[in-house]
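The first chain written gets the first letter, and so on, giving A, B, C and D; residue counts start at 1 in each chain.
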Amino acid sequence: MFFASDNSGPAHPSVLDALHRANEGYRFGYGADAEMDRVRQMVRDLFEAPEAAVYLVATGTAANSIALATLAQPWETIFCTKPSHINEDECNAPEFYSGAKLTLVDDVNAKMTAETLRAAMEAEETRGVHGPQRGPVSITQVTEKGTVYTLDEIAAVTKVARDFGVSTHLDGARFANAIVTLGCTPAEMTWKAGIDCVSFGGTKNGLMGVEAVIFFDPKHAWEFELRRKRGAHLFSKHRYLSAQMEAYLTDDLWRDLAARANAAAQRLAEGLRATGQVTFTHEPEANLMFFSAPRHLHRKLQGAGAQYYVMDSLDGDADAPVVGRLVCDWSIGAEGVDAFLDVLKR
Amino acid sequence: MFFASDNSGPAHPSVLDALHRANEGYRFGYGADAEMDRVRQMVRDLFEAPEAAVYLVATGTAANSIALATLAQPWETIFCTKPSHINEDECNAPEFYSGAKLTLVDDVNAKMTAETLRAAMEAEETRGVHGPQRGPVSITQVTEKGTVYTLDEIAAVTKVARDFGVSTHLDGARFANAIVTLGCTPAEMTWKAGIDCVSFGGTKNGLMGVEAVIFFDPKHAWEFELRRKRGAHLFSKHRYLSAQMEAYLTDDLWRDLAARANAAAQRLAEGLRATGQVTFTHEPEANLMFFSAPRHLHRKLQGAGAQYYVMDSLDGDADAPVVGRLVCDWSIGAEGVDAFLDVLKR
Amino acid sequence: MFFASDNSGPAHPSVLDALHRANEGYRFGYGADAEMDRVRQMVRDLFEAPEAAVYLVATGTAANSIALATLAQPWETIFCTKPSHINEDECNAPEFYSGAKLTLVDDVNAKMTAETLRAAMEAEETRGVHGPQRGPVSITQVTEKGTVYTLDEIAAVTKVARDFGVSTHLDGARFANAIVTLGCTPAEMTWKAGIDCVSFGGTKNGLMGVEAVIFFDPKHAWEFELRRKRGAHLFSKHRYLSAQMEAYLTDDLWRDLAARANAAAQRLAEGLRATGQVTFTHEPEANLMFFSAPRHLHRKLQGAGAQYYVMDSLDGDADAPVVGRLVCDWSIGAEGVDAFLDVLKR
Amino acid sequence: MFFASDNSGPAHPSVLDALHRANEGYRFGYGADAEMDRVRQMVRDLFEAPEAAVYLVATGTAANSIALATLAQPWETIFCTKPSHINEDECNAPEFYSGAKLTLVDDVNAKMTAETLRAAMEAEETRGVHGPQRGPVSITQVTEKGTVYTLDEIAAVTKVARDFGVSTHLDGARFANAIVTLGCTPAEMTWKAGIDCVSFGGTKNGLMGVEAVIFFDPKHAWEFELRRKRGAHLFSKHRYLSAQMEAYLTDDLWRDLAARANAAAQRLAEGLRATGQVTFTHEPEANLMFFSAPRHLHRKLQGAGAQYYVMDSLDGDADAPVVGRLVCDWSIGAEGVDAFLDVLKR
């Protein structure tokens, strides 16, 4: 009953198999491995982007921070929402890498809108050299609240960015889960909707620790390589990153694992709703959800061994509602969900 | 015949086995895994340092850069030699992380001496607020030239650092190879010789990509954690770093693999010497060596498939000497060495 | 009729006289001038702070940024309001110098309150190493909206900072104007109210370009000196900064000039109010004010040569209200104000 | 007898007169003053560079650091000599502003040569993404040792820079003194000799604190403005910088003052030589010199009140030679020099 995070579960067995295969023999390091050649081509094919620059790093924070540093100048401000990972969960890494600051755009359930983005952009307007200059827009898909931008919403946001002449980044730590929700292609969710750069996550979806950074315009390629090295994120034994990503891209494993996670979350949401004792702060749309339930219910669950975060102390009025966060990883399965729901039914 | 680098060979099978074991079940992320608890204790035991702060990162550049950023202030200068990895091979990462600059201390075969360090320290003396202030001393063991500091040499250097009130760092990307050469304990080569902080390398010695950073004074612990996170080097699925390091520390694997690499290098050096056609720029002391040989000999070797770096073009006078670098990893073995030597004998 | 900014007017004649006196003879540079010895003592006396560390820089942005860099760690976040100068008007300088980010605290007329600060502090609470850590609180007195914190308000805010163990900074670009408004002493408005560090402005109040940075706890002294030099803000011919500040502190010139500016602003506000055509967005409390008036009135004023900023285009509906900002410097005087008001009366 | 530095003497009276004139009336701030419009044109005329971007800052370290940050990328290395001000006397400011590191090029009397530069450039050659990339070349004219590059020497150095595709910067803290020595035009010493960017110093030559930064290619203009602001070096009351520079450029004051300083230095050098008791470490070529003399002679001079730096303690063997540095500012005059020489004659 481990719902604390989608980084809590195991890697998929085929990832370990790929490491075994990659472990044979000798390779030149630093991305010059044959596995990376294949990965680059697979990513380009998947995204229908034959020119794309494709790189691997080992953490999502690295993917976001180095990508944004490549897109932003140090005197600019990056537009994102308050709950975004780059704002709340990366301990100033995006600012450290880019030198830029962050401007928080008003959000609705963790999503910025064309209107709130435009308002934030316009508010930076009249200060000439004194204020930070407008820099890239970064959205998160799936958001940290478990909501998913529709394709139209992404297109509307990137339209505003284009109106102001700035570039766009998509933090796709849960990229695959969003694709499963939307039933669209990676190209549709990214460059066809106006996205310039993607952090394509693997770590939260069955890899050990690999994220791809994809620039649809390869002009950024060499700068990214230098920034990655300067950030100490270039792996000498790069083949072990490549191998994980190759496994992920083979036979649609990335989509399959996300589908499992989303299905588990859907089953979990339905089960919770059926109890009549919980409400969702907003509709769960992918593999994580925030639900409000009386303290006694959280106590029961956690007493039975369920692992997840609550947003307040469980000491206090037993009937008062407290919000909890549940995240389903690819491995949790119907059994994991049902074990959790069974506690509620007792 | 792959002698290009010790990051070119495979990981040891027990490392993969450890990943399999670590892949079972669920864990809290970010270093709160049980594997890391064991690793911390094993490192403390190995270094006879029960209070030491122990952290894992995935690249040697990260280990060095974040360690030095923790030891140095941004208005200081870090003392190292010109050929050191932090100066030549990290694309400004130490400066990026620390804000400090590097002062290059004269070296003898890539080793600074107490005298050259003292001279460099004194040269920074009289500038008050204008010049950079004296910061930590960083030495590399094994050096990039394949030489090894004796324990007395380390103690003499750290004595100078202490005289000037600055701390000391040891870049131990090839820590294990040096231990095998010196036949001493990790404690003797570090804190007993005056070292405050170590990058304890695993990647070049049979792991996929893990280095430990060890502070013998734990006062630096929390700052290091924050700097690691801010640098995007904190792994969510940390257990896969821990597992590799645990395998490395189990049954002295780290020492065993280094012993294999050093033995291969010794066999290789002897074989080269026996040809009467090569000279060493200095005596090989661990698992890498620089040798001078006529171009025709390099051509023969590389034509036969030997992989290694040469410091000049192989076009030109066939008899003119060119320096090449040979590195033996743990896996190359006597057969690998002999295959190389056989080419020379043909 | 120049109401665009309090940096638009001339320096006070006694400042030029002081430069003449300081220009006699030779001095050691970089702050070792006799003028600076006197300034240091005068600041300590004025602030009743015999231990205070006192430094001069030439711009307000430098004063704020280097002060905050000395108080904050690069993994921290600085608490300030959205309209604060450090957020909107310094082009990322505070972030550049400190490495920290800014957290925007809700404001009422540009002032944070104990409640909004506490809420912002608590919101940073539960992220461990992942989120930015709590850093210093910075308030602006007079605020960018022309409002003034009462002593109780300052004390309430700094009490919250102390509860969370963080330090406090006061951006006093218009320090003197606030002192005149409150009728209190510099000590009362700073360390007696819980402030640790002050940017004590002179540039907006009759100097050419000098600000003092004052740390009540001198432990920060040497670090500040190094950061000032590293930021290229240490003047070789420092006597010309010292001389300006000495003139400013002599015979209460600083207070006298601010009193003139505040009196002019009061006369201006009364005159505007008497027209019955304007409203203030909030009560003017020092030497600047924001007023709403129909476009035709702004056109009339600006057509007659009045210089000030309006927050919207003057094209459009003549009767629709537009907000303008008026700032009185020390030199504008009753005549300057009356000339402006006379335009309205025509 | 003040020979400690050329920042020790007074500003020229016409500079104070200019401040008086500039102090009349109101101005828009931040460089939008009419004085700056005139300065820009005067600099363009003086340098025969009608397109040049021209900016003012208040310190030489700011001029160098922001100029180099505009020319260099953070993953690059800047080529300079060991004794250069940017290496030894700016407390990491160039690295702070640019993110780049410095590579020290071998020097002959503080001047790099085409050969030593080429050797340093080539040494950075073969490391791909691992080493810092080649960045701008910065030379100092007059050097910190008092030597002066000939026009041919500058052209030879910039030729090497162009061969490697990097830009060139000239730190002209003593620009005027070099012009007087060489008897050439500013254009000849800069863009006609291959220089892309100049720090044109005024502070050491009779101003209170103003340096111009000149980019012959204006493509860098806006970036420089943003970096200046982000560095907190944009003056609100900019007219006081402009006024100083305008005075400096009027009626060739800049050249006249440097001619006085150089003439004093020549007189001083001849007088010292005539004593038969001193030797120069190298021929003085502008307004500063390093001379070796027995300790007893330094004691006599300093005992009589002469102010200058010595490179060793004056305690010890009275006959042993110690090196001293003498700098003549514009104001020292024949009388100041003769007073010094008279001490020697006693």
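In this section, contacts are C-beta pairs under 8 Å (C-beta built on N, C-alpha and C of every residue); 3 or more make two chains touch, one makes a residue touch a chain.
A quick map from chain label to UniProt name: A, B, C, D = Low specificity L-threonine aldolase.
The structure displayed is predicted, hence computed values, not measured ones.
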Relative to chain C, chain with the most remote C-alpha centre: B
Contact-richer chain pair [B-D vs C-D]: C-D
Separation of chain C from chain D, taking each centre as the mean of its C-alpha atoms, in whole Å: 34
Gap in Å, rounded to a whole number, between the CA centres of chain D and chain A: 51
Length of the line joining the C-alpha centres of chain B and chain D, rounded to whole Å: 41
Per-residue multi-chain contacts in chain D, two or more chains: 74-75, 90-92, 96, 129-130, 133, 226, 229-230, 234
Parts of chain C lying in touch with chain A, wherever the complex brings them together: 74-77, 88-92, 95-96, 99-102, 104, 127, 129-133
For the chain D and chain A complex, residues of the former touching the latter: 30, 73-75, 129-130, 133, 225-227, 229-230, 234
Chain C contact footprint on chain D (complex, rising order): 2, 4-5, 7-11, 16, 19-20, 23-29, 57-62, 65-66, 90-93, 96-97, 203-204, 208-209, 226, 229-237, 240, 307
